[in-house]
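Below you'll find a set of structures to go through.
Heads up, the next two complexes both have chain A, just with different partners, chain B and then chain C.
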Partner chain A sequence: MAEIAFRGVWKVYGKSVEAVKDMNLQVKDGEFVSLLGPSGCGKSSTLRMIAGLEEITRGDLEIGGRRINEVEPGDRDVAMVFENYALFPHMSSFDNIAFPLTLRGEDRGEIRRKVEEISKLLDLDGLLKTLAVNLGGGEKQRVGIARALIRKSSVLLMDEPISHLDADLRARTRGELARLQRLLGITTVYVTHDQLEALAMSDRIAVMNLGVVQQYGTPDQLYNQPANMFVARFIGEPPMNFIPCTLERNGSGRVRIFTGGRGFDVELGGEQAARIDPGFRGGEVFFGIRPIDFEIAGGANMQARPSSSKSAVKAGVLNYEAGCEHSFLEAKLCEYTVLVECAPTARFSEGDTVTLEVAANRFHLFDRRSEASIMKVEAR
Partner chain B sequence: MGIELTLEGITKTYGKVTAVSDLGFTVKPGELFALLGPSGAGKSTTVNLIAGIEKPDKGEIRAGGRSILALRPQERDFAMVFESYALYPHLTVAENMAFPLRAPVRATRYSSADIQKRVAETARMLEIHELLARYPKELSGGQKQRVGLGRALVRDSQLFLLDEPIAHLDAKLRHHMRGELKKLQKKSGRTTVLATPDYAEVVAMADRAAVLNHGVSEQIGTPIELFSRPANVVVAQAIGDPPINLLNCEVANRDGCFYISGAGFSLQCNDRLQAALRHLPVGAAASLGIRPSEISIHRDPAQGLIRGEVYVFEPLGGEAVATVSVEGKLVKVLCSWSSSLKIGDKVSLSFDLDTVHVFNRDTGRALYA
Partner chain C sequence: MSERKIEDIRHKRKWHIWLVLIVALAVTLFPVFWTLVTSFKPSTEITNPTPIWIFKPTLDHYKSILIKEKETQDFSTGSQSIVGIQTFDFYKYLVNSLVIAISTTVLAMVIAYPAAYSLARYRTLGDNYSFWVLSIRMLPPIIFLIPISILFAIYGLSDSRLGIIIAYLTFNIPFACWIIKSFIEDIPADLEKAAYMDGYSRFQVMTRIVFPLTRSAVAAVMIICFIFSWNEFLFAMVISFIRSTPLTAGVGLFVTGYGIRWGRIAAAAVIAIIPTVVVGLIGQRYLVRGLTMGAVK
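== the complex of A and B ==
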């Protein structure tokens, strides 16, 4: 069993540079967990602590229930894949992959069998004689992964392994890696700054900022129930729109959300109001909605239909952007500019008025002071 | 007003490498014309040839009806935006933007007040008006790129050359800039050539585009034409993400009815496909092109036209990509996240025959009725 546990782990460089602060995180056996965040958020430091390449300043790090703070990197039973491959350029793919076993002095026949097995899995069988220097970017990456996997370590660590491949190859390798990990069932920690990669591949994602885990959950939880504005902004592309609003509760359990000016004034009752944390009495909030979660009720040259629902609001089209899979509108909602995703067949022009509707369960609310979500967490 | 730009039979080689081969197109006055292709396709070479930074080995370039091949870059006076910003490090944002207006050849054209007004207006449009006093080293990559754009946009040039102008911007700003650039281009009416590897940019902004591949123009048309009626496999694959699926197939004529069949499927053609397939030489191989967004995925293996097994499922936020193995051939499907499929799930795929494309597999050419 190779679950990983961080218990109050800190990484401090020098006297005061706190790269990782009080991390408490568990990775289950066989799980694919991504550490996601902007550069400098502490994700690589975290990974390097697991690998044993960085000392742990405070706290306990366990692999398979064993505290490993002082265990040598070579004795931790982890394998690591680097962004820059770190292959021996003038060795063949075969020799590169076999290297960890050769180093251990394993039997040659046994090495050959293992290299062939792992190469088949990674579709490298045709490239075993090719020198590393002559491989393409994606091929080098696969050789690097094969070399990491051949040791049959119980934990696989990857630091931005595909971020510098070109878009097509990245999309392909992303799928291949995710599939391979599921088939092997090897506990994996994956560092990336690319939210799409993390969503596509992970069982769970830890979103980090300034050394602190902002939220740890499944892709579904992070996308649909972001714990704060940082997560809401970081996950999803194009990012969520935020409209500064005031939230008021009245006696009968209804909630009113409105902007300072006119135009945006939503009253929520019953089930919708119940989605909001009762602990939040009222005050300044951000109303958050993703471009994909707007519905357009009235379109070009159409009279926006009068809507009885107060979660509909009129907006003026500033820009229309045609697309193949999705089209987009930039629209003026009160004094705020929002991005709205629409069907590729929709056609709008600058100056059109549209009625934007928001489905009851598709918006988010954040406390404007703390930037924390004030939505109740739903079991998913 | 913009000028007409014409390229005729342009060829450019570097040593043994042919960067552009027999390239020809006309950009109408006021048009936004895109050059779409991956790196190495010849986009930047073409832009540099138009700007006069490079000289063609063969061919003719005319602007406003007159040959410009003998003119030096500064005499052509085209405004150019590079991907690499090329800002002056010792000048502020405002000074960088004003620089082309203060150049000796134009010194008499603009008054100081005029320059200030143009810089301020352009900066506001690009949302860099609060950065005017900063130096390039104090800017992020996206901000630098907007300053580079601003420097080109302040001028009254007759032709804009944009080489991947918004590639480095973050998602939100990219959407904003696509809209703003297009609006600005239409308002100013200036002829514009945009080089980009991003088909979404082309669809969002361009009036027409040339799809370039290894220095050759594969097709010229409006974005809708390129998407809905690609001339060949290269163009079909250049537009759309994930790219179009291509399945090898055989065509059989049974009792006057055409069937397309391949590993894991056999489809009876409708009238449209039937008419298209008449252009396929007898015995020639074909391939079937289906866009990921046109495929529906079903948990019931009997419901669709093609059966397969889930190879990998990738939620991307809002939507998901399911990769399905159809007898070993991988097919990508754009579907809803809530389908939440697992590796190994047995599924079936369906699609409207009116949305598929057929190609001659030997020549790559698309077949149309």
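== the complex of A and C ==
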């Protein structure tokens, strides 16, 4: 069993650079967890603490119930795939893959058998004699993964392993890595700044910013119930629109959300109002909506839906960007510009007025001061 | 049309480059050439006020320094030269030179490599320490001459090979350290971390991962250290008297109170050049590769 548990872990560089602050995180056995965040958010430091390449300033780190703060990297039963592959350029692919085993003095025949087995899995058969320095990017990366997997360690760490690959190779390897991880059932921590990678591969994702875990949950939770504006902005492409509004509750359980200017003033009742955390009494909020969650009423492609669960506002078209898969509409909603995703067949031109509708369960509200979500967390 | 123009320009540029190269080579190689010529010239013609280009070559100078039995024979100035020749023992000097140059080179590398690794990978003694190490090499050697010769006299290191080796190490270690440090810095740190994760110790990482990757730099630095030690004259002259005299200082003994034995100096110099040329030729590919690798990644 190889669960990883962070208990109040801090990483402080020098005297005051706090890379990771009070991290509490559990990775279950066999789980694929991504650490996702912009550069400098502490995700790599976190990974390197698990690897033993960075000292833990404070707190406890456990693997399989054993505290490993002071355990040497070589004794942690942890393997790692590096961003720049970290292959030994003066050795052949075979020697690189066999490296962790030769170091342990395993039997040569046994090593050969294991290397061949793992190379078959990663499609490296023909490359075993090639010097690492002569391999292409994708090949290097596969050799790096093979080297990490051959040890059959209980934890696999990956530090942006595919960020240097070409786009198509990256997409392919993404699937391959996820498949391999499920096949081997190895507990995996994966560092990336690419939300698409994280969403596609992970069982759970920890979104990090400024050394703090902003939210830890399944891809679905992060996308549909972002805990704060940072997560909302970071997950999803193109990013969520935010409109500064005021929220007012009236006596009958209805909620009114409106902007200072004219044009955006909706009243929510029943189902919609019930989604808002009753603890939030009212005040300044951000109304968040993803471009894909707008529906355009009166547009050529709109099918009618019961309007009771929708809030509609009028907006002027500023710019229309036609695409083959998605078209985007830049629209002026009061004084705010929002991005709206529409069907590729839709045609708009500058100056048109459209009615934008938002389905009841597709919008998000954030407290403007704390930037935390004020939506009720739905149990799933 | 345009291609021909480019071709023309290239030719022209090549022509200029050749001119510069020829002039540079003439300037740098002429002394070597003249030394070579002098070593085959009869003594009487060497110091002729107008340079003599055509002469009957002789091996006398070589014979007189290489063959001990014929030491006392001197064809030009008779008994006057005996003082110089009797004290000149070519083979002793050659052995001294080889022992000193090889030991210095090997020791410099053994000491400088771990130091360079430490400077490259840790903040050993602060950020500016590594530059301070190099700055030792920047000072003119004469500054070290006085304290070194006095201290050596006190500690009985004067006129010993060990003393000269220590003196040379003073210059070669900082140089080797600085160059190798910059090469180690070019090796991605993740490479080492990957090896730690597989269970290597710091020392094993240095010897088995980092060292093989800096082999060409090590070769280049060793060649330079060897040539420096082989060619050094000032310290050799001052610290050594009889036992530990290397070839460079030994040749100085031909400058006698009775005259300067140019022919023998030239012959000894020509022989002394051979090891550096050999080392240079063997190490040429390392030198070229090694020195460019550090500059351009």
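Going forward, the second predicted complex is superposed on the first by the 368 of 380 C-alpha atoms of A that agree within 3 Å, B and C clash if a C-alpha of one lies under 4 Å from a C-alpha of the other, contacts with A are read in each partner's own complex, and residues count from 1 in each chain.
Quick note on the criterion: a contact is a pair of C-beta atoms (placed from the backbone, for glycine too) under 8 Å apart; a residue touches a chain by one contact, two chains touch by 3 or more.
No experiment lies behind these values; they were computed from the predicted model shown.
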Field: Superposed partners chain B and chain C on chain A - clash or fit
entry: fit
- request: Could you look at A:53 and tell me whether it touches chain B, chain C, both or neither (first, second, both, neither)?
  value: second
- prompt: A:97 contacts which: chain B (first), chain C (second), both, neither?
  reply: neither
Message: For A:84 in the superposed arrangement: first (chain B), second (chain C), both or neither?
response: second
- prompt: Now for A:75: first (chain B), second (chain C), both, or neither, which partner does it touch?
  reply: second
Task: Report for A:149: first if it touches chain B alone, second if chain C alone, otherwise both or neither.
output: neither
Query: Of chain B and chain C, which one touches more residues of chain A?
result: B
Message: So in the superposed three-chain picture, is A:195 touching just chain B, just chain C, both, or none of them (first/second/both/neither)?
response: first
After the two structures are overlaid on chain A, angle v-u-w for chain B, chain A, chain C in degrees (C-alpha centres, nearest 10): 80
Message: Looking at A:346, would you say it contacts chain B, chain C, both, or neither? Reply first, second, both or neither.
response: neither
- prompt: Which value in Å is the smallest Cα separation between chain B and chain C when the structures are fitted on chain A?
  reply: 9
- prompt: Which positions of chain A touch chain B when the two form their complex?
  reply: 166, 168, 171, 174-176, 178-179, 182-183, 195-196, 199-201, 219-220, 223, 235-239, 290, 292, 318-325, 328, 330, 339, 350
- request: Would you mind writing out the residues of chain A in touch with chain C in their complex?
  value: 51-53, 72-76, 78-80, 82-84, 86-90, 99-100, 103-104, 147, 151
- request: Flag every residue of chain B that touches chain A in the complex, lowest number first.
  value: 38-39, 171-172, 175-176, 178-180, 182-183, 199-200, 203-204, 223, 227, 239-243, 293, 311-312, 314-318, 321, 323, 334, 337, 343
- request: Using the touch rule from the top, collect the residues of chain C that touch chain A in their complex.
  value: 188, 190-191, 193-200, 209, 212-213
